[in-house]
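Have a look at the structure that comes next, please.
A, B, C, D and E label the chains in the order they appear, each numbered from 1.
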Amino acid sequence: EGKTLRFAFQGTLNALDPYSLNETFTLGMLGNVYEGLTKRDKDLKIIPGLAESWETIDPLHWRFHLRKNVTFSNGDAFNADDVLFSAERVRADGSDLKTRIPADSEWKKVDDYTVDVTLKTPNPILFAEWDTWYIMDKEWAEKEGATKPVSAKDTNPGPAAYKANGTGPFTIESHEPGVKTVFKRRDGYWGEKLIDTNLDSVVFTPIASDSTRVAALLSGDVDLIEPVPVQDIDRVNKDPNTAALTGPELRAIFLNMNQIRDELPTSNVKGKNPFKDPNVRKAFYQAIDIEAIDKRVMRGLATPIPLLIAPQLYSAPDLKRWPYDPEAAKKLLTDAGYPDGFTVGMDCPNDRYVNDEQICQAVVSMLAKIGVKVNLNAQPKAKYFAKVLAPGGYDNDFSLLGWTPSSFDSWNVFVSLATCRDATGKGGPFNLGGYCNPKVDELAKQIVVETDVDKRNQMIHDAYKILLDDTSHIPLHQQSLAWGKRKNLDIVQRSDDQVLFYWAKLN
Amino acid sequence: MTATLSVRNLRVEIPTRHGVLTAIDDLSFDIAPGEVLGVVGESGAGKSITGSAIIGLLDPPGRIAGGEILLGGERIDNLAPPAMRRVRGKRIGMIFQDPLTSLNPLYRVGDQLTQTILTHEKMTARAALDKAERLLVEVGIPAAGARLSSYPHQFSGGMRQRVVIALALAADPELVVADEPTTALDVSVQAQVISLLKRLCKDRGASVMLITHDMGVIAETADRVCVLYAGRLAEIGKVRDVVKHPQHPYTHGLMTAIPSLKGDPDARLEQIPGSMPRLGAIPEGCAFNPRCGFRFERCRAERPAAYPTSRSEASCFLLDAAGAAPPPETAAAARAAGIEVRAGAPTGADA
Amino acid sequence: MLAFAIRRLIQAVGVMLVVALISFLLFRFVGDPVNQLVGVDTTPEQRAQLRQDLGLNDPVYAQFGRFVGKAARFDFGISYQIKQPVADLIASRLPATLELSLVSAVFALLVGLPMGVYTGLYPQTLLSRLFLALSLTGISLPTFLIGILLIFIFSVNLGWLPSFGRGEVVTIGGFWTTGLLTRSGLSSLILPAITLGLFQMTLIMRLVRGEMLEVLRTDYIKFARARGLSSRAINFGHALKNTLVPVITITGLQIGSIIAFSIITETVFQWPGMGLLFLQAVQNVDIPIMAAYLLLIAFLFTIINFIVDLLYVAVDPRIRIGGAGA
Amino acid sequence: MTDAIRVKEEQPGVLSRILRSDLFYSFRRSPITVISAAVTLVLILAALFAPWIAPHDPFDPASLDIMNSLLPPQWTADGQAGFLLGTDDQGRDVLSTILYGMRISLAVGFASVVLAMALGVTLGLIAGYVGGITDTIIMRVADVQLTFPAILTALLIDGVARALAGPQAYEEIVFFVLVLSIGLSFWVQYARTVRGSVLVEANKEYVLAARLIGLRSSAIMFRHVLPNVVGPVLVIATINLALAIITEATLSFLGVGVPPTQPSLGTLIRIGNDYLFSGEWWVTIFPGITLAILALAVNLLGDWLRDALNPKLR
Amino acid sequence: MSAAETRTARPAISPPDTAPLVEIEGLGRVFDLSKRWLNRVLDGSGKVMLTAVDGVSLSIERGGTYALVGESGSGKSTIAKMVVGLLPPTSGSVHIAGADIWAERGLARQRQLHRRIQMIFQDPYASLNPRWRVGSILAEPIKAFGLAADAAAREARVGELLSLVGLDPRDSAKFPHEFSGGQRQRIAIARALASEPEFIVCDEPTSALDVSVQAQVLNLLRDLQQRLGLTYLFISHNLAVVRHMATRVGVLYLGRLVEEAPARELFAAPKHPYTKMLLDAVPDIGMEGVERPSIAGEIPNPINPPSGCHFHPRCPHVMPQCRTVVPPSYAVGDAKVLCHLYDGTDHAGTARSAP
């Protein structure tokens, strides 16, 4: 006898095409329906998925053995053609997940259940992100006319935007973006032993308003909400029927300072860019009382971090935060030639990270104490990202960002956030501040091909050290996951924040 | 024979921010069966309020503060609302000044008529409709049957006032109170309506209280006239007497101030100085005394009662046979004006 | 009557064209739509091509003409954000909003009208004063606060009513979803409908009261009294009917703002209607949705106006028969 | 000379004329109105003098200490001296923030009402007095405007302004955007009312008399007609003021208002809204009460004014 | 203050004093009451024109009072407005002291002309701007026409005007609502006098007033006429008042001047059947208790007036040609009559049966 899980999230699930949007929540939800060649277990360890096993023939050649007797939810059998099709599709125009597999890799079908991949450069973490590269059914896509990813510029969206056909334990019964999505448990799932659920269906509803979402949980209208605003965790725990599920999240929150512009458009300093001076950056760093933010804004549900990565993924005893020291900060600022501070505009999302806007406000008032006047522009994430990632501009002087390396590996951090970029985005694509140190670029290049773990770790350490010394960014904290659930729900909370129904049980 | 309507010492008060105004003060008069009593007075004299008081529809906050009103010998001023409702329409019909606004624009004329008839008389809807049509015929509306289903705005002013008259007479009341029934009408139509009203009431034996400020209408229509000044009775008597031989100085002034189609057109109109006082500022003593050419001491100190003369009754000390005499010049002037000065005279000196 | 209908139609078309122009200008003003359409990695050449393909290089009037032509065929393009045809999105959200608006309008009328009549008839009683005070409080509290407080009390603390959403819906005729046929749908409707209708309810109540007070002072009411008609006949037959004319107009106008205010209510209650869609569109600068919503509102408004005018004609014979008499 | 002096002493002072007027009388007679007037006045003054009476300056980020955040009101167990009504999530003193926020709310309210009034009255006067095609055009524009209820207009203008101005500049113009949005959505009411009154007034004989003197239309419109139609305009203005303040709050709630660093009452409520369930009720309740009291008082004044100026209801 | 003083500023009048001051020639006014174009097309209805004034010609002697009488809607006010320049005529002309007030070009000339014509309105409550002090109301025309050198002179003049109409100069500080109806009408008269006109149109100046006050205002108007040599066009539906004021009377019926005669003659021997009926129908204080025949029928709809002589449906002497032919103006003694009875032939037993 099946049960229905009612789940509410703050954001909406838009297009169902698994290659349209590289975003944790969307990929997590689709992970209930689709599967990759690999999967991750409850502890995020990579386990075989649609590939039963794989081997490196040499550093440039990989072989994947596919699982047999797997069917898509429409009944089609899964085989090598589907993998090749997916590898093609994920790299096609309009895909947001192009980086999942190297653009220049070659894919070959050996037999129906064996696939060979040929690389141009060695890649020790080739399949690190393949748990979210979902395999699609070639026949289905061709029949539905969904062979191309649904992209922004499409004027008639493919059916993949509102239909799904995966190998996973759930299917999507109905999907109304922004209203409701109904997942149904399917028969004939190959991996019954990997999952543990008594759910028959899942009804997902977006509830944007924090208080409504919490109210919905407290009143029993939903069984699971994400996120619980940190301030409401107590309340949720106090209620006899509900509980908060918290745990570390792998996301690092940090501030970007634009060092690539010659002049900051939002600043009163003309003719030069104060952020080009490491002292100014360090002054900013030391002016921020991260403990206070974590205690007050985050209510203890955050861990200050010294690096741009969660400690669970990488830490080193000698890489520590610069201490909070407003006096020193003031002095650094004076030394840099700004005894009275200056003005700068700050961009901040207000619906993306936990209490993002409040963090920014706290930063504003802390910087005010060393004389820096920050004009805060807090905006919804859609606008925020459109602005700070604007093509050809990276329009931000000072901004807040969060990052989870999808491969859970530091290399992703460097290439995404810290390697040199030009204005058009060649280079570190999410390096909003445009920090550039050739040494870091060089290290990143080596890290990606280095297969010796110790050597690789040393190089990672060196790179982080440079970033810290340069004050390339201002790392703030690692935020926590906070889900709210009815007491009768058991669910696994993985620290990558994916909500996976196949580990949920309603009692 | 009891009077159809008998108003005894009526007093109407209106509480306002400036204190309690006395809109009608100690007013008494009778209307005999079948009689037409004209009530005249200048704007604000209290004519409409008298009418409203009689039918029990004083606008709040106005209230009857004293006196009594008797209809066919029964008191009606203290009836409970449901009982009073049965008097209204059934025993007293009312006609207001403006026929345009008196009729509900959203209802057919026939519906308004039958509704009124059925409220007061037990009969079938069919019969009521017949009666409605008869009424319209009576008030002289051509093609009455067809017009029953017309809306008020489809009638002309004169027609509408005829409909209003039909409505007022629908339940055959014994008294009709007509408050300026023709002021809103054209000169040539006025006469038609007035004579219609008069004829219909005569046919039914109904008494009429005709409120107007037009002395001409009164002169031609009424049997008796009651002149109000500042909420008080100035003079009451037969129309011919009051018009030709006014006894109250105010009435006298009024009659000479009205231009007439007779008489010398070039003669200067007599004018009464000043204007009627506002209710809040009615002078002590006789309300008219500041404007009166014949006033003497007593007028400022005391309020005159209505004193009978050979023709009419008037509230003026000149006529108080038992009162102190006015200065001789005043008395002489008054006599010259045709007022039967009796004050200071030992007995009736009116022979 | 025919002329009236035709004139209305012409006016409606005029209004719609103006609104279409505004919507169209939104497209133009808010920036290059190409930037909204394509990703980071699109080259300038591709952009230019896309611009050409979309006809953005044509003269403005040609573009406007095309926009109107498409809009007339309910083609509003694809949502930037959701990647679905805007027309489909709106169509799927329309029932929710209309149902909510309609129910709250009915609620506002059913409660506001009697309250207005009562306070108009008995302006001095304690109950009237209470109603008035309540109504003033009703328009002094922002809608969103009322909604939140209602959720707090009735969902969280008392647990009587659902806190969000539309509950279970039934699809009728293949396209119209309704919550009116299920228990959960009905109970979900209560709080949002009250939240949305409260303001209108107070408005109607105050309007009816004011009109009632005025009508009760008119000569024809006085004359009706003088004819001895019963209070019932006077108050409800004569007075109420005459207050209806202005009440109809204002209520008609208010339905337009009910739909607009549903934006807030839908946000608070996560009601899956057009308002929610629109608000998200505003936040995401999803112009096709904004433009379509505007046109739709204008369209609904025009229809409502038309119905109001027809009602007018039904209520007021002076209009029905034409000509203002003598 | 003596004449002039006599005239002067005869002429009662403005104050005494006001004190003797019917309006003032009906005002004095209604205790609720007196109270709401007093409350409105106090609130306006408090907002006006916020920098002098507020214990803290909540708009100065340097004075904030995040460690003071979410302190409960002073009289509760955990309250802290100096923060009478507690603090919000940024450590701003709620009392001071309310005072400052009220400044913004009132400023937006007043400015938008003035804008709507100026626009509506002028257009209404012109439409009513000039008539003809001008009238038709103005009233059709009003129809289109009516198609867009206030919230919608505001959202649209806000959206366009944001897109046009860019985020940093937007912050500087947000006040004007709000005023424009709210003002634009309210003008129709004035225009219609004024037009209606003008149609009545323009046929009154005093206007004909003015035309006989050969005055220009504009002089007649503004000097003769306008003063006679201000009554209903004032009533609408009062009621609109309350509505404008609430609309501003609502817009803030929808996220299109003033920035949270310089919150208005509405923004404060929106912020506080997030802390309702967690027990930090004071962040939202106090601004909410203030807003409600302000709107209620102004509404009561408007109500009174409407009844007092309506001769039919006297 | 004497009358002479108040007239010092008046410019010399050019034409010889014997010529009439006001000459109205063939004055007509048509109002377009058509439905909207679309309705007309759909209903197949034509344009709807209301002829409010139809070919009215009259002249007013200097210092005389010409009275226009007629029922509501007969076009009295429309004529008044066309004469003072508030409403353009559709046909005909209005000459004042020889100058055509509607043909005159040039703002200065026009204003100069308008200064000489003023108007007193019916409703004393509506004719004074309730928001203005009496002083400002009276000062406005003085300022507008530049009739006083400075503010002090203006103030003095205002005081003079107030005294002239029997009010206290101190009243200038008051507002209109502080006055009674009669006093307001005096203020309105003072305003009309402020521009030192020689011709005043009085449109029912006393019909809103009480009889006792009416006498005051009528007397005042007559006094002022004597003192200032004013000329009046006096409009009223009250025949008794007209008889009291007028030197010459015109009777209007549905926009046409059906009879025009010296006042005495008109009242003594009315010629037109309508005039007779009017005189019979009007209730008069001097005729108490007399039951009189009232006019049959109601005023016809001016939009669709009867053919021929407009009065024929109500006329007791109706003849066949009345229904078809518009009667021309016949001179009968000093009177002019628009009636076929006076076409020279003998209509036995009809007209001549009247006095």
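The rule we apply is simple: contacts are C-beta pairs under 8 Å (C-beta built on N, C-alpha and C of every residue); 3 or more make two chains touch, one makes a residue touch a chain.
The chain lineup, named per UniProt: B, E = ABC transporter ATP-binding protein; C, D = ABC transporter permease.
Source: prediction; values computed, not measured.
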Where chain A and chain C overlap in contact partners, by chain label: D
Chain hops separating chain B from chain A, counting only touching neighbours: 2
Most widely separated chain from chain E, with each centre as the mean of CA atoms: A
Centroid distance [mean C-alpha coordinates] between chain D and chain B, Å: 52
CA centroid of chain A to CA centroid of chain E, Å: 90
Distance between the centres, which are taken as Cα means, of chain C and chain B, whole angstrom: 55
Chain centre separation (chain A, chain D; CA means) in Å: 46
Interface hub residues of chain E, defined as touching at least two other chains: none
Chain A residues counted as touching two or more neighbouring chains: 211, 215, 218, 380
Residues of chain D whose C-beta touches two or more other chains: 255, 273, 276-277
Interface residues, chain D side, partner chain C - complex: 140, 143-144, 146-152, 155-156, 158-160, 163-164, 242-243, 246, 249-250, 253-256, 266, 269-270, 273, 276-277, 288, 291-292, 295-296, 299-300, 303, 312-313
Chain E residues touching chain D - in the complex, by the definition given at the top: 81, 84-86, 110-111, 114, 117-119, 121-123, 126-132, 135, 140-141, 144-145, 155-156, 159, 169-170, 172-173, 188, 191, 195
For the chain B and chain C complex, residues of the former touching the latter: 55, 57, 59, 85-90, 93-94, 96, 98, 101-108, 115-116, 119-120, 151-157, 159, 164, 167-168, 170-171
Interfacial residue positions of chain B with respect to chain E in the complex: 42-43, 156, 158-159, 186-192, 194-195, 213-217, 219-221, 239-240, 243-244, 253-255, 257-263, 265, 268-273, 275-276
Sites on chain A touched by chain C in the complex: 8, 12, 14-15, 20, 94, 96, 150-157, 161-162, 176-180, 205-209, 211-213, 215-216, 218-221, 380, 382-383, 386, 389, 391, 425, 429
